[in-house]
Structures are given as C-alpha cells and as structure tokens.
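Take a look at the structures listed below.
Look at the two complexes coming up: subunit A is in both, with subunit B in one and subunit C in the other.
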Partner chain A sequence: MPQNADNVLDHFELFRGPEYQQMLANKKKLFENPRDPAEVERVREWAKTPEYKELNFAREALTVNPAKACQPLGAVFAAVGFEETIPFVHGSQGCVAYYRSHFSRHFKEPSSCVSSSMTEDAAVFGGLNNMIDGLANTYNMYKPKMISVSTTCMAEVIGDDLNAFIKTAKEKGSVPQEYDVPFAHTPAFVGSHITGYDNVLKGIFEHFWDGKAGTAPKLERVPNEKINFIGGFDGYTVGNLREIKRLFNVMGVDYTILADNSEVWDTPTDGEFRMYDGGTTLEEAANALHAKATISMQEYCTEKTLPLIANHGQEVVAFNHPVGVKGTDEFLMAVSRITGKEIPEELARERGRLVDAIADSNAHIHGKKFAIYGDPDLCLGLAGFLLELGAEPTHVLATNGNQKWADKVQKLFDSSPFGQNCHVYPGRDLWHMRSLLFTEPVDFLIGNTYGKYLERDTGTPLIRIGFPVFDRHHHHRYPVWGYQGGMNVLVWILDKIFDTIDQNTIVPAKTDYSFDIIR
Partner chain B sequence: MSSVSATIQEVFNEPGCAKNQNKSEAEKKKGCTKQLQPGGAAGGCAFDGAKIALQPLTDVAHLVHGPIACEGNSWDNRGAKSSGSQIWRTGFTTDINETDVVFGGEKRLFKSIKEIIEKYNPPAVFVYQTCVPAMIGDDIDAVCKAAKEKFGTPVIPVNSPGFVGPKNLGNKLAGEAILQHVIGTEEPEYTTPYDINIIGEYNLSGELWQVKPLLDELGIRILACISGDGRYKDVAASHRAKAAMMVCSKAMINVARKMEERYDIPFFEGSFYGIQDSSDSLREIARMLIERGADPELMDRTEAIIEREEARAWAAIAKYKPRFKDKKVLLITGGVKSWSVVAALQEAGLELVGTSVKKSTKEDKERIKELMGQDAHMIDDMTPREMYKMLKDAKADIMLSGGRSQFIALKAAMPWLDINQERHHAYMGYVGMVKLVEEIDKALYNPIWEQVRKPAPWDNPANNWQNRAIAEMEAEAAALAADPVAAEKARRSKKICNCKSVDLGTIEDAIAAHGLTTVEGVRTHTNASGGCGACSVRIEEIFEARGLVPAEEPELDPIAAEAKRRAKKVCNCKSVDVGAIEDAIHAGASNLADVKAQTKASSGCGGCAERIEEMLDAAASTSVPATLVAAE
Partner chain C sequence: MSLAQPQSVAEIKARNKELIAEVLKVYPEKTAKRRAKHLNVHESGKSDCGVKSNIKSIPGVMTIRGCAYAGSKGVVWGPIKDMIHISHGPVGCGQYSWAARRNYYIGTTGIDTFVTMQFTSDFQEKDIVFGGDKKLAKIMDEIQELFPLNNGITVQSECPIGLIGDDIEAVSKAKSKEYDNKTIVPVRCEGFRGVSQSLGHHIANDAIRDWVFDKMDPNAAPRFEPSPYDVAIIGDYNIGGDAWSSRILLEEMGLRVIAQWSGDGSLAELEATPKAKLNVLHCYRSMNYISRHMEEKFGIPWCEYNFFGPSKIAESLRKIAGYFDDKIKEGAERVIAKYQPLMDAVIAKFRPRLEGKTVMLYVGGLRPRHVIGAYEDLGMEVVGTGYEFGHNDDYQRTAQHYVKDGTIIYDDVTGYEFEKFVEKIQPDLVGSGIKEKYVFQKMGVPFRQMHSWDYSGPYHGYDGFAIFARDMDMAINSPVWKMTKAPWKQAPAQPGLLAAE
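This part shows the complex of A and B:
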C-alpha cells in the first residue's frame, strides 16, 4: 500500500509493501544487470574461505572500511577542550562539516567549529586571504577567547605556512596582536585522528609555554605540586573525565585536566545555548608548565606532546587506555606515587566491588573469544581487561596501529595464558577483520558502530565500545576508566553475552527449554 | 490439618530414612521438624520443598494458593528443563488478599482452578497449600476434590504449607501427594520388560538428557521420571515400571519405598554423577531389570556401552589431569551430591580437602569417609576466616558449592564453582563429568582468582584483613599454647551441638559425672544432639577420644541381650536386622548377593553392604575347619 496520511509508515515498513517490492525487483531486473543468484551466492561463500582471506591480506593499495579517521577530526576534538575556544580549520569547508556532524552524531550535542572555506582560487593562489578574513570573522562573530588553527589536506598540499599566515593576519588586524591563536599542521594524509589530537595539543602548549610564536617571552617553569592529566582522543571523554576528576578529588590530588571537553559535549537543556562550556582555562593551559608531572591516558595520542612536556622538565607517564582492575591499579598507584597522596579506602572498596563483580560472573566470560578493533590505546586497554577476565582477545586490529604498537600488544598476549592464541593486526582494516571473523571465528566482536556490518555479515555479536558510536545513544556519558568504568565495560560485555544466550534459546517449543529466568 | 499432620507423622516413620531409624520413639514423634534456630539464617520451607520437587512436571499447571509471596518468589526459579510443554513455567497463583483472609479463600481457589482448566486445559492441576490459607482453614483437599468432580480434570492437592517444617520435609510431602493422588491412577499404553522409573531427578540444566540416550540405546524406557521433564500421565502410570532408581537420597525416599511396597517395584539408590557411579548405576538398572524378567543379554550390552563410554570420558578427562595435579578442592554441598561429586572429582585427579555435610544423611557421610579415607574433614560450619586459613595453608585451590555459599567463598578470597541447581551446566553422566572437569579447569585457572586472593597492590600487606585474621588466629593459638589453663578452657568451650548450644566441656563433665557411654545418655544429661542430631557423630568421636566405645546400656539377661543383639538393624532401607542376616548365612548364603536375594538387605541404598561383608567374613572364619574337612 502506498503511503497513507492517516497512518504514515516509516521506511522500515513502507518499502516492504508489494508495490515498492515490485518496483525494486523490476529495477534490479531491468536496469541493474542482475547476476545469477547462484553465482552471487557462490562468490559470497567464497569470500568466507581461507583462500579469499589470503588474497584479502595480500591487498596492497586499497583500504576497505577503515577503522580510523583523519587528523583534523582529532584536532577539533582537542581544541574544543579549552575554555571558549573555537577550532578554526584552515582548508576546505566540507571537511569541517564532517567533523561537526561526526561529533554531533556521537555526542548528541552541537559541535562548533569554523573553516577558512578555501575554494579553487585559494587553492591556486594560497589561502592567506581566507586566513585573514576567516580569523577576523570568527573573532567578531563568535567572540572566542582563543582560536585554535589546524589544517585540512588542501592547505597542506599547497603548503600554506600557518605561522606566517597568522602573523600576517594579526598585522592586518584580523585579531589583536596579543590574542591567542595557537596552530598545528594536521594533514589527513599523515597518521590519523589521534595524530591530529597530538599535534594540536602540542601546538597549544608550545604557544603558551614557548613565547607565543615569538610574540612573548618564554615562560619560566616554577615547579609546583599539581599534576596534568591528558585523556587523549576518547569517545567516552564525557563520562571518563568526570570520573577522573572524581578519583582525583577523592584522593585529594591538585590537578589540571588538559583539553577538558567533557562539558562542551554534554551541555544541559535549560533554555540557554552554550557554544562553549567548561574546558581548560587558558591560564591553566599556560600554568600546566609548572606541574610536577603529566599523565597521559593514551600513549599513542600523545607521542609528540609528551616529549615536549618532558623537555620542559616534567615527569611524564603514559598509559594505554587502562580498563579494569590491573590497569586502574597501575594508574592510581602512579598518581599516588607522583603526588604522595594515599589511595583512600573509598577507592579500595570500589576496587573490591569490581573484583567481586568479575568473580561473580567469570564463568560466563571465561574462555570466550573476542575480536577487538579501534584506536591503538583502546585496543590495548580492552585486550588487557579481557585477559584479566579470562577471555581471549583473539584478533586485535587497529588501522592506525603501527609495528611498535603491535609489539606492545604481542607482549601483552605473552603475559597471559589466555593470550597464547591471540594475534595482532596493525594497519589492517575492517575488510580484513571480516575475513578473520569467517576463517577464525570468535564469540564476540568489540568495536564502534561500523562493526554492525561485520555483525550482520558474520553473525558475530557486536559489543559497541569505541568511537564513533552513532546508533546507540548516551554510552559516552558512562566512564570506562576507573573501577566504576571497568564495571560498565564488564556489564556491557555481560549484557551482550546474556542477550546472545537468550536469543539462542528463544524459539518457543524448540529451543526455549533453556530460555531461563536465572542466568 | 489433621490429614496433614497424619501424613507428616507417616513421613517421620519412613523406614527407608536412615535418620529416622536412628531416632528413639520419642524423637520420631517429634519428627524431623528440626525447629529452625530462631534468629538463624535458615533455608527454605516445606512449601518450597514441595514446589521444587513437583515443579519439574512440565505439562501440569502448578497453582499456588496463597498470597503473592509464595509464587512471586518461587516462580520459575529452577533450571529444570522441559522437552515439551512449558506450562509448568507459567506462574499461577490465587494471590489471595485481605478479604480472602477474613472470609476464606476457598472460592477463589475453586474459581482459579476453573479458569486454569478452561483456558489451558492441562492434564492436571497441582494446588499448593501455603501458610496463610492453611492457618485460616482453607481445605484445599476438599476444593480439589470438588473441582475434579466438576471439571473431570485431576486436581492434586499438595498439602505442604511452609510452617510445617523445612524444605526436605516438603520434598517428602510432595512425594506423599503424588503417591496418594497420582501414581497408579492411569495405565500405560503398553509396558515392556525394560521400563524403569527414575525418582528424585529434576533434569536441572537438562542433565537427565545426558544419560537418557544411553538408556535409549540399551532399549531401556524411562516410564516416568519423578519429576524432571516429567509428564502427568507418565507419573500416573509409573506403577507399572519393573524397577526404579532413586537419585536424591533424602528427597523422595518415601516415594521409592512405598512404590516397592505397593507395586512391587524394587529400587536402588544410585547416581549419575561421576564415571564410576554412572557405570554402577547402569549395571544396577540392567541387573534389576534382568531379575525382573528382562533378557540377560541386556547385561552384555550394558557392559559394552559402559566400556565404550568410560573410555571416551577418560580420554576426554586425561588431558586435564596434568593441570589438576596437586590441586586441592574444598567441597561444600549438600545431599547426594556430596559423595557422588567426591567420587567424580577424584576421578579427575583432584585431591579433596574437606566437605560439608550439612544436608547429607549419615550414609552420605559414611560414603564420603569411605571414598576419601581417613583424611575426610567434615566441615560443617566454617567461618570465612577459617576458610581463608585453609586456603592460605595451601590446603584448597578452589571451593565447589551451592549458589549461596559462593558469596562466603568469594569474601574469603577463594575460587568457587557452583554445582547446585542455579548453575548453567549439566554434570550428569559421562559427558557431564567431562563438562564438570572442564568447568573446574576454567575456575581453577581463571585469572580473576589471583585478584580475588590478592589485596590491592598498594595495600600494606601487614594490614589487610586476611593477614590480620591469620595473625589473630596465630596469636590466639600462641596465647593458648603459653597458657595451659586458657588452652583447656578454649578446648572445652568448643561448640559441639549448635542447636542446643552445648560445648565440649559440658559434655565431658556430664560423661565423667554420670559415667555416660551413649549418645542418648549425653542427650539426656546435656540436651546435646537434641536438635537436628547432626552432632551425634561428634559426640561419638568424643567417646572414641576418651577411649570409650559408645555402647548400648548393658543388658544383664543373656537371652534378652542376644535378642537385642539380633534385633539391631543392619539395613535401614529394607529394615533387615542382624538376626535375619545371620539366619540367612547359616542357611547357606555365602556372599553378598545371596544375602541380598534372601533378605533384601542392601538392596536399597547399599550402604550396609560393607557391614554384611564383615558378617560374612566373620562367619567364614569361624567355619574354616568345616570347610577344610569338606575339602579333604
């Protein structure tokens, strides 16, 4: 039946109607050069074979279904973490629309970000004018406290020099001379979103600490007792940073969260639009120089930032997105060691609860095989947690992971009897993962929303942990760090395990003899 | 209520129950309504016991007559499995309200039965009595009878309101209900010489199905399983079986014994937990069926299957043995599983360091002793502190227990595996044993246990509770070692009888003061063992420790003494005394099988077999000269 105004069907139902089905069938038959269904089926089956896997892994140039995003996305992620700061992307406008929609779809929040809107003439003559006009317009329209400039490929290909451009723009009066415009070159054809995060963070600290591109004296480090904390590119930033603040407060630690975007991506609905909210203040960003130490939760998100900080005389400590008991132990003990603050009973109890919860449920997770993909640090954190649970992270894949990362994952595997049959795949994509899921099947897949195609094709139940998660709401509000965070991850995994058991036993009079109330 | 109390009295007199047989007349009158210690953490009630015993009958509607509490908390709470109807899982209750309490709930019950029959048309409705309607005097027997007459569907009253006693009593009352109202009310479509009943098996996690294929292969038909995956008509026609196997030693002994009495269906008590037990049970089933007229070639086929299945299971288990080397297991569980699981675990190469016998009968305990040798620690009441110490002393790597003890185990930082009903896996039969071993392996090697055992890494190890507990225990021990007076006081203050709160010193004093030689004597003077009676074993040990053999009161008249000696019960199940067995031996019985054939002794649970062998040995040694003469 065609659409009816009295009962408007959504697309799930509408196109199942006979006339639409007929139309689609005709289109297929008459215009789409249909293949013999048997041949289609044969190829589908062939794509599940080890033979196909070998060909798939021999792939050299083509990336199919990448599990990574571009540098500028990470750049924007870092920039919005500073007080009233607007990310200014020098390059083409379309790119910026992508970052905004990407974050909005994940965080369910507006995401403010501007572009210098380079067009063809800018590509030929350089983007200086776009920078001059763009900075002026941004400054006047959105009244930011800071404009953080990063680039897209377009600007990078023609070789625009941000340092010189910003200087010129200031001379031309786009923004006041003393106004903070830190910058970072973030071409998408190098690295991934975690590289862009790193570059912007590094750019901002260089700006504040090292004399604001020659316009101010370098800051002199006067060590204090504070510590800096960097979360890295993290889809759970809202829940995680709040949890980290709680942990620090409970411990009585004096801290600065750098690039704190937990407020701007979780603003309340109370009648006021907040283009900016929360964030690390510019003063804090500058004073971060004096801290005793900086802790990064994600080593591969801070590969350049941490050495910069270390060169300024601080101790730096990096983790790999710690999840679970051991990971959190190590994190808290490092905080305790650096600050001299004891880990209070309250946290010891939280730890005991997580251990208790794992022990209560261990039989259901023990020996289960998982495939994980995501950012390098997240993969390490989750794989470590799975080993702790007695599960096997059989396939661990990061499109943006390198050999150094792979070695580290292998070392993690080697540390546990549950890691003995596990493999790490650096630089591979989700089409590789698809082959793996067919040739060496696992019980569950952990990944972002894009994993749903793998779930559909291979029948491997997907546990959504990662970035982006577009098709499930609000998970980013829950922490995955700290013992409470470990509890959340445990519950998500268990929920999927039990849902799967229920699904497997749900057919009345056939399988429902095991459709039990108690699991 | 008079019929309920009569039934209860009958259950208390159950001759198949070893516990009953060990009691004096006065005690029997009191029955096994072990008064739960007010203020103690108690187990389930008689209603619960009745419900869990019958709930696995899958095609009947189970209607709970009472306020929401009773069905609300017991609805579908056991992992029994059905191969067909799922109606047993539907929660039916009269959900009585205040008005019913004032004016009586019988009408509501009648209407509920009517609606069930109209809407679901099950082969039968089981109506469970609960405390509140029992107290206000609802006569469910009468209502059920009226409903049955009116609607023509069997309506079975299960009269086991919670307050009459513990869960175990409820199991038996459930048994009485089906004996009275169900068994023998219908005829099977056909019978074969290979029909058996399985009694006291609930098909938890579907474990009966792990054994059934073997029986199918042998051509042995389970005429009725009471009650796992059971069907009403099967149970109703179960009186035509040729033999029966009793699975859970305490729950349904009355059903097995009365079916033997009424329908001449011999039974044996066996288990499918463990390889050896499974083989023994299959053999025993075959033997009984042959005795009852089945073709003797059944035994050859049985042996062949046993050989094949054992080989398979051993092969599957063999790979775990190296992983289990030097691993020790603390077993805390009740009833039949105590001894059957002990055997199973030992087959897998695990060493057992103790077992709790809370719900086990005396025979269970004997069997545990037999299986585990003299090292058996009977751990009745362990505190987390003691549990932890046991673990700390490297005496246990894992605890196996029911769902409730797990929490104690975890708090005591001990790995744990559930072997009771709220578990996911089926452990029965040969495959079940392999599954159990696999699960134990998982539990032993799960990395979380390391975390469970260790304090937080930043903890000062000197100050965590585990070490504090050990230190306290050591300090206490040291203090006692240094102070003999205090040590003696501590020794004497050890609680022997928990029910009546009697310590060792009181018992020792009573023994010394009154020259006591019997458990009964101790009970008379101290009240110890006047509750659940579980401590009578411990009191016997006190006698042993003092070099005293617990003896009967001396009988001065030699004839009376002889009569008393001969009247001593050897076989509790079949109620066979010393005299009868001696007579059989004199009449020519020269081995256990003969004695069994002539007196029926040891054809129940088999717990007295050893005792009979001893009697046979004794008789043989006294008759050696005669044999020699004959040989010459």
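This part shows the complex of A and C:
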C-alpha cells in the first residue's frame, strides 16, 4: 500500500507505484482492446513526416486544437470593463457557465455574468420572455449601473432582435426606460472572441453617442484634449492597463481607458467580495466622444469600433499589440504627437534600461528560432520583438488571423534580415503547428497553456505568453506593454532558454561541461 | 467562529428560514415565488428535502448550471479515450471544455487516444445557412485519414445543429457503412435542450444504448473469458484518478472490473459491459439511465455505492459483496481490515485539526450528498447543500441517508443566494466549483473545488480519502486566512467575517 498518512501521495505519485501500474497494464491488456504497440509507434512516427504534414494541411473541414474562442467570450470581456456593468448573454445558459469558468481559470478571479437561460420553448417562440424576465431579475438582484446584452449562437440562429426585445422589456417595466442597456449581436459562428470584443465596444459607444437606440438625443461632439485608449482582448489586461495608466500619468496625458477591466479581475482578498470594481464610468464612456483621438492597442480587436469612432470626427490610431523597444517607441511617439506632451526623460531612461537588458542578454537569443501562435495582434507584437532581439519568428500562426493579417506579418518579416526564413499561417490550428514543429523544428514555442501538448509531443520548450494561461499563476498581473512590459517578456524568454540549457547539461559524469554557474 | 452562531437545532432552523425569507426579498414577485420552491430547511424524517428540482433556471439570476452539451461531451462521452468526439457547431463549446475536466487516462494522445484534444467543425455563417451535414461527412473522412487508429467517432451537437435541421443521424449511418460498420454516434445534446447538464447525461446514455449496444454483433466472439466476478464501474469519470483508486479496491476484494464508464474508458469496455454480473454505480445522476437499461435488457443488477470516506467505503464494499459469494464477502472484509490502519492514521492526524468545522456544499451529480460521510469521518458537519442539476430522487436519497435536521437546502442556487447564505451562516469551508471559488475566497472563506478536487485527487477510495483529508486541512488551516484583514484595520470588537482559527 503506497498511501501514508504522514506523507500523503496524490495523483502526482500515487499511480506510479507497482500496485497501480500493474492494475493499469492489466486493464489495458484485457479490456481495452488495445492497438498493437508497433502499429501505434508506426503511426506516431508517420505523424511526424512531411507526408503527414501535407495531408494535415490539406484539411478543409476539420479543425483540431484551434487557438481561438467564440465571439460571446470577447463580448463578456469588454462588458465587464465598464463601471458596475453586468454582461447579460441572451441565449442558452451553458455558454455563460463556460465563459465564467474560462475567465476564472485564467485570472483566478470571480467572473460575474448572467444568461437569459433560453431552452426549447424559446427556440420555438423566441426569447422575448427570457429577455423581459431576465433583465428584471438581473436589475433587481445585482443592481448594476448598466446591463450589456450580447448573444449566443442559439439566439442568433433563431433571429432574436435585441433592439426590439430590449425596447419591449423596458415597456414592460423590466428596467427603467432611461436605464442603459447597450447591446450587440455576437454570433459565435462569425469571427472569434476578438470580434465579440469589437462588437460590444462598438455597441456601447453607439448607445451612448448615437441616442441610446432612439430614446435620447444624439450627443454632439465638443472636442477636448483627452485621448481614449482601448486595450483589446488581452490576457494581460490587469498588468497592461495599469502600466498604460502609469505611462500616461508620467507623460501628463489626460486620458480615458475604455473597457478598463483591470480592477474587476484583480480584486483583493480582504473579506469582501466585490462583484464590481473599477471600470470605465458610464459618464466617461459617453464623454469619450469628445476626445481628440482614440488609440487602439490591437487593430484586429477594433476593426469596427475604430471606424465608428473615426466617423464621429476623432483621429484613430491602431497598433498591433506592441511589445519591445520599437513598438513602445512608436506607441509613445504617437501619444506624444497627438497630445503634444513630451516624452519625459524618465521614460527615455526606462527605454535605455530595456535596451541595456537586451544588450546584456541578446547573445543567448540571437539566431534562435521561435514558433508563435495566438491572437493576430499578439503574434505581430511578439514577432516584432523577436526580430529586434535578433531571433527568428520562424512560424507565426493565428487561427483567427486572415489574409490581410498574414500580409502584414509578411511585411514585418520582410523588414528584417532575421525574418527572411519565416512563415505566416493564417486560419490554421495547433494540429497544423504540430506538423510544422516536426518538419521544420524551432528552438522555442510561444503560446498559451494548450501549447504544453505541443511541447510534450515535439519536445519544443514552451514559453507561456497568451490567453488562456491556466497552468501558471499570476502572469496576467505583469504588463507586456511599455518598456517594463518588454523587460518582462525578455525575462520570460530568457528564463526558459536558461532552464532549457541547464536541463540539457545536467547529467553528472556526462555533461559536466556547459553546466555553467555564470551565463 | 467569530460571530455568535445559533446552537440548538431549533435555533438553526429558525435562522435558516429567516435567511431564506430574506434572500427572496431581492427578487421581483414572480421570481421570488418560483425561487421559494427551491429553498428549504430540511426536517428530519421527511422523505425528501422539500425542494422542487430539475426545473428551468430563471433568466438573469446567475444560475451556476451548464447545458446538455456539457452533460454529454463534457461528462459522459468526452472521457471515452479511443474515440474522437467532434464538438459539432461553433468553436466555443469545445474550446471552453477542452481538457477542463481532468478525466485521467493512459494512451498516446493524438495517435490512439484523444481525450485532451479539441475536434470541432468550427461552424461559419455559411454552415448555418446551408447546413453542416456535408461538412460533417468531410470531417469524418479527414479524421479517418489523419487519425487512423481511432476506434470510433461521436458527434456532440451544439445549439445550432437542432435549430437548422441538420440530419447528423443520416451522415453517421452513411459514414459508418462506408467505414466497415465503424462505431459512429450522433448525439442530440444541443445546449438548449432541457434545463441543465442533466438532460445531456440522459441523451448521452441513450446514444450508447442506441448506437453502441444496439449495433453490436450478438454473435461476435467475446474478447475475454467471462468470470463470475465481472463488474463494471459506472459513473466514475476518473477525475484526478478517482476510478483507479476505486478499481483497485474492487479488484483487491476479488472482483474483476471489465469496464470503466467513462473515465479512462474505451469503446471495447462499453461494448463488454452487458457481460458484467453487476454494475456498480457511483454517479447515479448521470448514469442511472444506462444502468436501468442494462437491467431490463440484459438482466444485470446495479448497485449504488459511495467511495468517499472510510465509513461509506466499508458500507459500500459490503453492499457490493452482498451480490456475490462468500469469497467476495471475505474479500471485502479483508480489504476493509487492510486499510483500517491507514484510515485510523489519517483520522488521527487530521480529525483534531478539523473537528467541529462546518461545510457548505453546492455541487453537481452525486457529491452534494456523497461527500457528507467523508466530512463526518473527519468530525466535520455539512450545514448546507444543494444540487446544480439534481432531480427529486437525488433529494430523496439526500434526505433519507445523508443530511441532518435543519440543514439548509438550495436547488439550482443563484449567485446572489449562495453569497448571502455563506455570508450569514459563516461556514468554515465552502465546497463548490470554479465559478464560486474566488467569490468566497475574497470573502475570506476557505474553499475547495469539489468538481475538479482543485486539481488534486483522487478523492475516491481509501487512497483518495487520505488526500481528501489533507486537502480539507490545508484549505481550512492555511495561514492565509489570518491575513485577510490589515492589522491596522482590525477592530477587536468586530472581527472579520471569518477567521478560521
């Protein structure tokens, strides 16, 4: 019996003992009708070949291990960034259970969101009653300042009309007439989570600026000197938005962070559960109309929102999740140009420190090959940083990236000698990436938690940057934007490189050399 | 306990009733009336818990429930390791449930085993407009080409499938024929069906009946020689290895486990189960349907058991042995005796640290009742419990065998209710899911996830109980709970919500 009260063994060790190993071997042999091990081995080897890769890339219908989620997830991400706002997802209730779990597993935080709990009868008759009852219940129970309505694929397939439903619900007294219920249709079968983020943001600004679905006069833009900032769907939103605020404060910029969810996903443990915390106030959301300009940190998260804002007379500037020196330079110079504020010496020194760190460490990164996957903007930002480190972003893959994005990545490759042998893969999944890692191996892989399966199968060490990260804690509290953020990314990459070198040189009496104390 | 708490059962009942009345005040009238039926204070001697269950959740209240797809793909089918389960529809459902449930297995993932992979038809607008059947057929071809060692395919329907009129049954039949009678199972588990995960379990059970059992060749040679001691474990999903730490006990008492449903399970095991002499059923809620079917069709009796905590384990081992001869009965006694010293040591170590601590549960499946015995073995008391998707037969079992007089019962609890109940009752521990975990930890209340064992486990069996005891101790007695209040904010007269001493 391996178990012991003084040294309790859990799944990490319990099943490795002979009792369990024998039991599992018997189970397999007698009852699982297992495949011939030689056949398993043959197929395993075959799946590593260029021939398999070709078949794999010829897939037209099947998606395996995609690196994207559906629109409604992004809808919730955007909605919780507004003060005391509850996302209300119209459709089947299971979806909401999934979004809440997904965010809680990444941020290790509560994630409040409600569903209109549509079932078979709503599928037949439409979900109007669910909207009427649902809005009334949410309003009374959770006393939000705003309810942001989005949809699941069920409501979209049956064609529920949010605008009409919300109007009717107000007429029936679910919420007061003047109460803010912005909405966005966010079908799961169009785009991905970044599209849902975009749609909700656009819906909220349309609501506040363009007359609240015909119930209020349109706002007239009175330009002021402020700037708006949109972060986009971002697993590092907590660390990043705080860093951006610090940068703006250092520069003396008058700003509004739109969809600021950095507080609600980083509340203290002090005896109080804060269902709401921080967020862009509704007043700020309305007044954002008057800003001089809006900066989006992620172009592909704001493809519809930015044109809406531009149409209201503002300058809009979009970045692609800038990481590192050049990306941050361009971001800060844009802020400086728009606001007329100088970039203070303090930030020049921060920049110098990042350059210093790169100078100190780049020998370990130079010429190394990386595979990257993630959201389109994140891929661009990371690829740009790798190029300035002298590394090669050999494979860059975004399941939710399109051809336009691919062209942009290619342009980035073309801008650097380190990009000459690099390739971009729009619309592909992690099973494609698996083939690439076998047929055209790289030194390191950058991606989210699910990359650990690729690491296991191909032996490519994984650097966890992306969303979701479920199996490492608290990285979302660190910025990856700004010079400080670049420093964090640099350190994460270096840590993995050094750990890998150490692991490869740790065998006594065999690899004593290279197991160095100073690197 | 920092605040004055009611002591007598009568006081507790009065407090709990008052609490229920209080939470109902927040709702609009119609909703309050509906929610009132799901909340109660248990009266001992009653045949059930006095709550309505398995009824539609109310819109907008923040139910914790999931959907039929979660019940089928996430619970019943997903763990069958040598089959490929297609999440059929848009990308999200498969993405959020991808490897999220820790159904442990052994196998070469991606080659002959597929549990921790996400296969999806990733529906686009054109699939909604023109239908997805052709795409589904093509997906099956691509699976056959790229994953030739798969032993079968299931189609896990997401919401749109049933709404756009796709005929996944026809596609499955045609492709099964094309691939030499391959097992291909269409499952109508669209998320909008039913009121929770529960209907998904039922639909998934029925799909096994219709598309696995009914398709088997009755004249096929058995893959193994039957024995008089063959049993199947039904309703154990091997979370953190639960089915393994259960299987070892059944085998040690002389039984032979021929199938696991469905944790670390395989198609061959599903197919072999009609040869079992007894089906032992852990999660009644999710797999009673197939157990009843096998009883009716194949004459296999089934027996519910509970492998949480030594009291219930011993009771269950004897109950199971009761279906067999003296050899097995002696085997059960031998197993109980073998582990007694371990259990004594575990209880001697952890009970003094946990004695008298109170627990509130809110989980799914069997756990709102099944884990109560394990807590009691550690001297702890469950003061509130409820089911995410239970039916009345669950509440009957709970009332008749598990809960104490005065326990507060909450069915399909809302976020608001659960928060208020915990705030007032101030248990020493809450056991619930990931969506609840951080709510209560923020409040300073120790918490364990009782779906995933908080990434620990196994919790089943004797080996599992040692882990369970350790984990409850580390949750409740962690030094972190003494730090939730800043020292300069601590007023001695009004201590924090909960300081677990």
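Quick note on the criterion: the second predicted complex is superposed on the first by the 512 of 519 C-alpha atoms of A that agree within 3 Å, B and C clash if a C-alpha of one lies under 4 Å from a C-alpha of the other, contacts with A are read in each partner's own complex, and residues count from 1 in each chain.
Simple rule for what comes next: a residue touches a chain if its C-beta (ideal position, glycine included) is under 8 Å from a C-beta of that chain, and two chains touch if they have at least 3 such contacts.
What you see is a predicted model, and the numbers here were worked out from it, not measured in a lab.
When both complexes are superposed on subunit A, subunit B and subunit C end up sitting side by side without clashing. Within the superposed three-chain model, A:Thr269 lies in touch with subunit C and out of touch with subunit B [touch as defined at top]. Touch criterion met: A:Glu388 reaches subunit B, while subunit C stays clear of it. In the superposition on chain A, contact is made by A:Arg44 with subunit C only, not with subunit B. Contacts of A:Val250 after superposition: neither subunit B nor subunit C is touched. Legend: residue contacts after superposition of the two complexes on their common chain; A:Leu128 is shown touching neither subunit B nor subunit C. Looking at the shared chain after the overlay, A:Ala286 reaches neither subunit B nor subunit C. When the two structures are aligned on the shared chain, A:Asp512 is found in touch with subunit B, with no touch to subunit C. Measured by the number of subunit A residues touched, the leading partner among subunit B and subunit C is C. Once both structures are overlaid on their shared chain A, subunit B and subunit C have a minimum Cα-Cα separation of 36 Å.
Once both structures are placed on chain A, no subunit A residue is touched by subunit B and, in the other complex, by subunit C.
On the side of subunit A, the complex with subunit C involves touching residues 1-6, 8-11, 14-15, 19-20, 23-24, 27-28, 30-35, 39-40, 43-44, 47, 52, 55-56, 59-66, 68-70, 72-73, 88, 91-95, 97-102, 104-105, 108-120, 122-123, 130-131, 133-138, 140-142, 152-154, 157-158, 187-190, 192, 267-274, 431, 434, 450, 453, 457. Within the complex formed with subunit A, the residues of subunit B that make contact are 75-77, 79, 81-84, 86, 206, 406, 410, 416-418, 422, 424, 439, 442-443, 445-449, 451-452, 456-459.
Here subunit A touches subunit B in the complex through residues 325-326, 329, 332-333, 336, 342-343, 348, 351-352, 355-356, 358-360, 362-364, 366-367, 387-390, 416-418, 508-509, 512-514, 516-519, going by the rule given at the top.
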